[in-house]
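Next up, some structures in structure tokens.
Both complexes shown next keep subunit A, but they swap its partner, so subunit B is in the first and subunit C is in the second.
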Partner chain A sequence: MLQQVARAWRPTATALLFALPALAIYVTIIVYPLVYSGYLSLFEWDGVRDTRTFVGLDNYRILFNENRVFWIALKNNAIWTTVALIVPTTLGLVLALALDQRLRGRAFFRSVFYFPAILSFALTGLIFTWIYHPTLGFLNQMLEWVGAGSLQQAWLSEPSVALYAVMVAAAWHNTGLPMLLYLAGLQTIPREVLEAAQVDGASPFQRFRMVTLPLLRETTFVVLAVTFINSLKVYDIVYVMTYGGPANTTQVLGTWMYFLTYNFNRVGLGTSIAVILFGLTLIFAVPYLRRLGRNA
Partner chain B sequence: MSKLSRRRTLLGLAGAASAARLAAPAIAQTAPAGRVQVELFGLATTNWDGVIEHFHRDHPNITVKSTRFGTDEMKQALRVGASSGQMPNLWFNWGGSLASPYNRAGLSLDLTDRVKELKLDQTLVPTAITLASDGGRLYGVPNRVVPMSIVFRNEMLERAAVEPPRTFAELESACEKLRAKNIIPFSLGGKYSWMTMRFTDFFMEHFAGPDEHDRILAMESSWESEPVVKAFTKLREWVTKNYFNPGFLNVDPATNMTLLYQGRAAMVFEVPNVDLTRLKRENIDAKTYGTVIAPSDHPRKRVSGFQHQLQISARAPAEVQNAALFFATYVVRPDLAVRHMAIIGAPSAVRGAMPAEEFPLQRQWATWLQGDVSLYLPGDQALPQEVVAAYFEAQDMVVLGTLKPQEAAAQVQKAITAYKSRRN
Partner chain C sequence: MSVAASVIAVPPRPRPRPVRWGTMALYVALSLGAMAWISPVFLLLITAVKSAAEFAHSETFALPQAIHWGNFARAWEAGVRTYFVNSLVMTVVKVPVGVLIAAAAAFALSLMPMRGSRKLFGLFLVGLVVPIQMTLVPLTIMLRNLGLIDSLVGLFWLYLGFGLPFGILVLRSYMKTLPRELVEAALIDGCSWFGVFWRVVLPLSRPAIVALLIFDGIATWNEFILAQIFLRTDSMRTLPLGLVNFQTEFSTAYELLAAAQCITIAPLVVVYLFFQRHFVHGLTGSVKG
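Presenting the complex of A and B:
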């Protein structure tokens, strides 16, 4: 009997043994910091002293009731996520549809449109910071040159446009990945299905709406899930381009978490944002991972 | 040896000799015996390796291993080091609220009782010690004093028939005349807010005077006071009069000299080091640029500024502490100060250490700082960092016109009250 049980468990034990090194790394660099962040969010601590004051959930109360910038950051994250779910994903789909055709130089254009995605966000931010420079930047000089000087703006200094100006830079960077994923998805659609629809008299738009789009459902789900998670994590491009300014109007949760923790010595408040961000990320991450698991 | 390099060498030697003579007392600490390794965290913009090379030659038993960080990365590295119990043995730091968390947490070595023994009080300019002090105690060895004041391009002032301003009224009149000639009076990089703060601080110094300004920065006087409101009002006035480059609020301060180089702006409120950075590199006539003490109209002449110090870990083993302190004092040894100033930057914190004549702005500021000009800490070092956050936000909102000066002052005061109540 005991031997039978041992025999039944052997494959599982072997699998666990093989998974152990990866699990150890995962626990060390993901699980432990996660739990520790949650723990730190219950304290008031400047990140330097040996002593921390336990405050329970007070950091969360402060964030929700007293910290005006937290709400600005949350709102900006919501705007960012909405725009990111629509603009780069749609552009990526359009480009993928265009580049899925038999075009001359198709490989070249695929590389060109994917190229921004291989740049870091920091570099993209630097490039666009110069493009947007109010006196020396390409954009304002170009507007002047084409006689549209009245449209010149201090793109990153004007609160009403600064966040959107950063989003344009992010969209330029972020379109490549959805394009690539959609291109891969389009390769999996059988040509016969599209040809059958064409024989049945379906117009190109009808073929797209009735055949291509439904068959891209899995790809779309992956694209939206990845975009959603990345949108919540947005940090570096905002940090580089606006530093959360002017007057904190372009703060997002990632930057505000950093500023509170490292610049303003409020480690408890900063890690509370990390916990909230983690919770928000789970909204999409859990269904995404479940679907991945089911497909596997 | 070329004529120029011979001249430089002679000047250097003359400078070193005069520094050694003027600052006769030598650092009293003796070199530790035995092999020791010291880990140093320094700013990437400071060439510590140059000093370390000399140090290793002079003291081969001590190894100083340096790691370099950018400005924000430095702050982050120290914080991570402190929170994880992995502070380096020796680290660069600014002063005020950027250093005080480490001082108050007992992480940096308190040198107060050793000032006389190390003869720091005789070796260093008083303003360096004042700026490095935290609650009347010294937790580091200052090696540089960094003033921030008005640097101008002569040609631009001449074009507007303006003399370098000596009073606040002259400064405003100069801005007006420059504007009339379509020259941007001040090039300003407002991203990160600290460059804009130099103006707000300066206006506060002008309206409050040195003593009251110090009380405001120490949060002893209320920010909801006339000088603060006037300072914010003046800032807004300068914005509306276009005394700054358009859209400056999110311009990177690292690029603020560009408009001056291009001849589109006349002045900057900067660390006067253009002669070190650009003139030497591009062989530009040193007379292209000039500098003045930002005119606050008070008999006690002060400009915004800070010091660079090396702090020693209070938790390092004794022999490492000694070696770290030995290195920190080696940097400011009077007989070596001129050489080190040429490596890590000027003005030096050492009495009598004068930059070479080929760096006129540096030399001018060294002369002033060795004389009767002193420095006040900028707001972002004088105030606790969470109050700085409120100060920066209020200031930028005043610039944008979304907050009235009175409201801005009240917003900062509210942050101070919250900070104080949390501390009690």
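Presenting the complex of A and C:
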């Protein structure tokens, strides 16, 4: 009996041997910290002393009731996510449609439009910080040069525009991936279907609305899911460009988590934000992972 | 879909000659768009070769009057060398090790008989969506206890962990497309599982491995948040972190900053141009599952 069980599990044990290094590292670096963060969010702790005080859900109460910046960050994440779900994704789709045509130099155009996506967010942030510089920056100098000097701004230190200025930089970086995914999606649409629609007299726009777009549903879902997940955890580009300022007006959950944890030693509050962030991510992450698991 | 198309059927009529104007307009739009799109990088390049005096006295978008290579040497000496070496060592060591570990796991999950292999794969997939912020505090505690704060060795382990989910996803979906008969034939011929992995599956997975090496290489070269939190001293900094520090240090010496940024981008450009095709083909398939 016991021998039978042992024999049945032998292949699994061999396979586990191959998966073991990955599993051990993955559990140590991601799974265990994930669970531990959830636990830590129930404590008040300064990150230095040995003593932590159990406070239950009080950290969450403080965030929602007393922490004004938390609400700013939450609102900014909402704006950021909404814009990210619309702008770079649509731009990526339009570029993919244009670059799916038989065109001379289409490989060149693809490389140009994808290029920013291989740069880091930190570097993108640095480049745009400089472009937005009040006196030395390209943007203000160009406005002056074309005679639109009245539009000049201190782009990153004006509370009403700073967040949007950062989002422009992010959109420049984030258009490449949707373009790439849509280009791949377009490859899977059989030419005959589009030709049939054309023969039936459908205009180019009708062909797009009634044929291409529905057939790209799968791709669109992936694009939106990835965009949503990435928008919530945005951090580097905001950190580099505005440091959450001016006066915390550009804080997002990612940066506010960092500041609370590492600058203000409110570790309990910081990890609570991380938990909230993770919870929000799951809205799209769960169906996304289901799909990945099913397709695989 | 053809049903939907025929519902809106309009009587076919003879089409005029292919609209050349449309193609022309598309070209013009794409060219203008591409120029605008690449202009930030172009500005960076022309600024990097301006002398300090010229940068101070001309418009940012004015072309340089003389090519001035000195900024690159100055930036290199001012600290970029250290950051560059750190990033290079990290990338060259971490990426192959990470891909190998991911490949072994992907092999077990795709081609070996294993109970609960779907569940294990699901566990790895979770890593794709975990916000890094969710792990920071426990990782800080862990590295502090191990004395690995401010150490590239500590960072190496973190990078390894965060690279695994995507690596396993890409390699597993590729290995699934390999014919199982090859594995069975090798086993019958007396090959061990390790032999199958090393001599049959790894060589056959080359396209996916190359794509992953490039993708992971770029990601490692670019990583910011973990480096920013766990590295403290200047001599440990990797490039993205070093550049941000550079910006505070040389605040308005943009010709120098631009040179440093160009040095950071250069290896990416080289890799991108040489391996573009592998990159695109290997990745799009897997992100979509």
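Just so we're on the same page, the second predicted complex is superposed on the first by the 275 of 296 C-alpha atoms of A that agree within 3 Å, B and C clash if a C-alpha of one lies under 4 Å from a C-alpha of the other, contacts with A are read in each partner's own complex, and residues count from 1 in each chain.
The criterion applied here is as follows: contacts are C-beta pairs under 8 Å (C-beta built on N, C-alpha and C of every residue); 3 or more make two chains touch, one makes a residue touch a chain.
What you see is a predicted model, and the numbers here were worked out from it, not measured in a lab.
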| item | value |
| --- | --- |
| Combined model on subunit A where subunit B meets subunit C, clash or fit | clash |
| First, second, both or neither for A:236, with subunit B first and subunit C second | second |
| Partner chain(s) touched by A:246 [first = subunit B, second = subunit C, both, neither] | first |
| Subunit B versus subunit C as contact partner of A:36, first or second or both or neither | second |
| Subunit B versus subunit C as contact partner of A:63, first or second or both or neither | neither |
| Partner chain in contact with A:154 - subunit B first, subunit C second, else both or neither | first |
| First (subunit B), second (subunit C), both or neither touched by A:170 | neither |
| Per-residue contact with subunit A, leading partner among subunit C and subunit B | C |
| Which superposed partner A:47 touches (first subunit B, second subunit C, both, neither) | both |
| Subunit B versus subunit C as contact partner of A:259, first or second or both or neither | first |
| Shared subunit A contacts, counted only where both subunit B and subunit C touch the same residue | 47, 129, 136, 261-262, 267 |
| Subunit B contact footprint on subunit A (complex, rising order) | 44, 46-50, 69, 129, 133-136, 153-159, 162, 241-243, 245-248, 259, 261-267 |
| In the complex, subunit A residues that touch subunit C | 9, 11-12, 14-19, 21-23, 25-26, 28-34, 36-37, 40, 47, 98-99, 101, 103, 109, 111-113, 115-116, 118-123, 126-131, 136-138, 141-142, 145, 172, 180-181, 183-185, 193, 196-197, 199-202, 206-207, 210-211, 214-215, 218-219, 222, 226, 229, 232-233, 235-236, 239-240, 253-254, 257-258, 261-262, 267, 270-271, 273-275, 277-278, 281-282, 285, 288-289, 291-296 |
| Subunit A contact footprint on subunit B (complex, rising order) | 72, 75-76, 79, 82-83, 101-102, 104-105, 107, 190-193, 245-252, 255, 258-259, 264, 384-386, 388-389, 393, 396-397, 399-400, 402, 422 |
| Residue numbers on subunit C that touch subunit A, as the complex places them | 1-2, 4-6, 8-13, 23, 26-27, 29-30, 33-34, 37-38, 40-41, 43-44, 59-61, 101-102, 104-105, 107-109, 112-118, 120-140, 142, 157-158, 160-162, 164-165, 168-169, 172-173, 176, 193, 197, 218, 221-225, 228-229, 240-241, 243-244, 247, 252, 254, 257-258, 261, 264-265, 268, 272-273, 276, 280, 283-285, 287-289 |
